[in-house]
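Once you've had a glance at the structure underneath, I'll fire off some questions.
Chain lettering (A, B and C) follows the sequence in which the chains are written, and residue indices restart at 1 in each chain.
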């Protein structure tokens, strides 16, 4: 025999579920709408335009008339300078992942919990991010000046007996190293900030429980902190890689991609062809190649790092 | 909650790790601070002195670099404009990105991965190339020379990074909370507004801080969109000191130092929100 | 439960309202700059800018007849600092006083920012009415795209004839005039007379051999011979292009330009070889490959190097960048030396300057204003303010600086005047030249390879 109450509950449950589904769909559309609209206007349209112009030899003025098909892309992929740029970008990616992110993480952990004076350190460590890339570039250009009477780093170096002043930004072999140092200086604060925010999600109870169970600080970090920070870490990895691949402002200010393309990045290469040589068709093509490289990495990374976040339940 | 027995603190054991920590932190602080100190020193010299002896303490300090800037009404106009644009852009980014991040973190639908990858495109396409078609769009909307245009563009280009960040943080919020909320009859939006957002305050503050600074330092967008000088933002203000063949770098340094001050203040304000949960713990059972 | 979101949304609405309010009243800032009819540029009182020389009353321009309709002229220039900033404003004010129906709206931009903004605005097809231009290839590209106004018909013989022909030609293309110059000078070797005396050099070199000998003498005396800022690769390009001009003369360049010859022809390769001779002597300051143009001027102005190859802006920039604000005490200039056996004359000049281009939508009043800006007396005043080297005949009397007078004389005496290569040629080729010459400095390419790289770029971009 049917129990009316149960049947009603079951029905209303189904009704609630389907209205829930419609409600969810509406929510999804509404919530995504602002982002999508802005994107369509200010990103999709420019990208589509770039796709169009990348198939022309065009100086940016007037209509594009000189159709070249895929020649621009062919030229890009056979240009040794561009290959150099890609190599430099990848170098920075590797160095950032290996040095910059661990550094930021370590510092976040150090100044995130109880350390007297931590607020002061947090402020100082974020300061470089506050300055614009151009000013940062100018200051560091001065610091790394090849003349010991003008460059502080060289001034300190020559104090060591037997060490000669280095060319740094004017030395083809040292310029990438110098750029990496400056990039780290400028951007590690960003990652540190994100880790700090992530650390707030780790309840102290868990840490204290682990410590009571006899874990020392290292084990705590290894087995509790880092796993619980994993989604933040994944975010910073993606941001770091994409940021390295598209890096422009700092490098352009400090070296312009030189000397003789030694510090060429994909974005500086693009900028030079688009806005110094006014070969905007070619420049658009470079931007698209850059986009494809970034997209490939991003999609692959997202697949690999499927979300298996630690859900803390209590 | 179980009571936690007090832990013995033995001072000698804590000393060396602390000392080492401070050593490392101080060393890093030194590296961070030297360029900043040099910026301040440079701002108190003349440009020629800057080139000749960049690392000495300015003697005598040329305070007129600062007083000249502060006494010009243009500086305050630029400052006001920068604040307007920055506040609006930050609010826009937070609103748009938190909504989008919520959907990607918490809801399932077909094409989710595609949509997500689509929204990360902003991290991959340089604005230096995008700015020209963007200007054309702005022109067609007849929004040239307006703040709203700058705000919209800055918001649009802030979407990718900040949505990515927020999604990461939203994912860390336990699913059980949402299930519990939905059983209680809470709509998705209700959960979003009343439960989720307060929980991710540190993340929102972090995104806010980052967006504020990016907007504050943005030169390209205002340069291209704004014509009237009384709408210019601070970065455009540095142009006054840069000539065709040379720049008055010392005054530029002073201008930069002055411009950085409000940014630092905004950051401090946001940072307090980030570490507000420090002593309290993130989620109370 | 406190939420951050609500105040944020409120903030967003507030900010949007503020923004709209600001847009609605664009000309009402809280602390209004001196409210004049036109857009004024507010000048902050900064250091060390001597308050402008008393600018004498300008030419009286006969006022336009009958109340004409209101016209707005948009003028973009890059003189962000005094004396140019104030001087241009004054000329605009004077013109508006005598032409009450005309409003001149000035936008002052820094050099690089100007190029960026101009490019975007050009793309949208509405260039400003009068704007800064360096002539040459970039201007030609703009003209070809129909973005500039052909003012040949608007230039009556008097106006046209008042210009030094070499200067005026920089702003013409295929017989049509698209703008007018207001400053044209040349590149030469600026040198520190005291340092030269110290090294025992009693007369300035007139041949390349003598030049190299002088460099050696300077090195022997422990003085850095040449300041160079090769990060800004155009500075080094000047040396190479002058060598090419001395060796190949006008003929070689024109041949390469018209594609009858090539940039890989012997004169251009030899230019690279001569340059290598110089580089082999190690004459530049340490780290020159990473030094900017500003640094180069500072090095020279602070007395750390004896010479620099630079244009007519050298005296003002090296003194501005020097610690004592005065720069080199005894400054002189000598022409780029002749290369023995070269086809070029030692009087040939490589140089450039500034001018105004006229945008395609410019009203006739804009052209009239450009004419006003280039009268002999306006030019003469400009010269006396040391803003540049005037190009209108008779206005050079305003030049006070003896070095500037020298430059102007050399310019006037030149039978062959060549606009800097990277400005004259299409930008794609110009930038390729800068990059290729840099490889010679860095030693990563031979003179032959560098010349070939330039030729490749020319073949591709100059059809």
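Operating definition for what follows: a contact is a pair of C-beta atoms (placed from the backbone, for glycine too) under 8 Å apart; a residue touches a chain by one contact, two chains touch by 3 or more.
Remember, it's a predicted structure, so these values are computed and weren't measured experimentally.
Enquirer: Are the chains arranged, by touching, as a line, ring, star, complete graph, or other?
Expert: complete
Enquirer: Based on mean C-alpha positions, I'd like to know which chain lies farthest from chain A.
Expert: Between chain A and every other chain, the largest centroid distance is to C.
Enquirer: Where is the C-beta contact count highest, in terms of which two chains?
Expert: That would be the chain pair A-B.
Enquirer: Chain A to chain B: how many Å between their CA centres?
Expert: Here the centre of chain B sits 14 Å away from the centre of chain A.
Enquirer: If you average the CA atoms of chain B and of chain C, how many Å lie between those two points?
Expert: 37
Enquirer: Could you pull out the residues of chain A that touch at least 2 other chains?
Expert: Residues 60, 275 of chain A each touch two or more of the other chains.
Enquirer: Can you list every residue of chain B that touches 2 or more other chains, as numbers and ranges?
Expert: Within chain B, the residues that touch at least two other chains are 51, 53, 95, 132, 205, 219, 249.
Enquirer: Touching two or more other chains, which residues of chain C qualify?
Expert: Chain C, residues with two or more chain partners: 116, 119, 123.
Enquirer: Which part of chain C faces chain A closely enough to touch in the complex?
Expert: For this pair, the touching residues of chain C are 115-116, 119, 122-123, 138, 141-142, 144-147, 230-233, 285-292, 426-428, 430-432, 435, 438-439, 441-442, 444, 461.
Enquirer: Going by the contact rule set out above, which residues of chain B touch chain A in the complex?
Expert: For chain B paired with chain A, touching residues are 1, 4-5, 7, 17-18, 21, 24-25, 28-29, 31-36, 38-39, 42, 51, 53-55, 95-97, 99-100, 102-103, 107, 109, 113, 115-126, 128-130, 132-134, 137, 152-153, 155-157, 159, 161, 163-165, 167-169, 171-172, 174-176, 182, 187-189, 202-203, 205-206, 209-210, 213, 217, 219, 235, 249, 253, 256, 260, 263-264, 267-268, 271, 274-275, 277-278, 281-283, 285.
Enquirer: Per the contact definition, I'd like the list of chain A residues that touch chain C in the complex.
Expert: Residue positions touching the partner: 59-62, 141, 145-147, 151, 165, 167-172, 175, 255-256, 258-261, 272, 275-279.
Enquirer: Any idea which chain B residues touch chain C in the complex?
Expert: Residues 46-49, 51-53, 62, 64-65, 68-69, 71-77, 80-81, 84-85, 87-88, 91-92, 94-95, 98, 131-132, 135-136, 139, 145-148, 151, 193-194, 197-198, 201, 204-205, 219-220, 223-224, 227-231, 236, 238-251, 273.
Enquirer: Where on chain A is chain B touching in the complex?
Expert: Chain A reaches chain B through residues 20, 23-25, 27-28, 30-32, 34-36, 38-39, 41-43, 45-47, 49-50, 60, 107, 110-113, 115, 119, 121-136, 138-140, 142-143, 149-150, 152, 155, 185, 190, 193-194, 196-198, 200-205, 208, 211-212, 217, 228, 231-232, 234-235, 238-239, 242-243, 245-246, 248, 267, 270-271, 274-275, 283-284, 287, 290-291, 294-295, 298-299, 302, 307, 309, 311-314.
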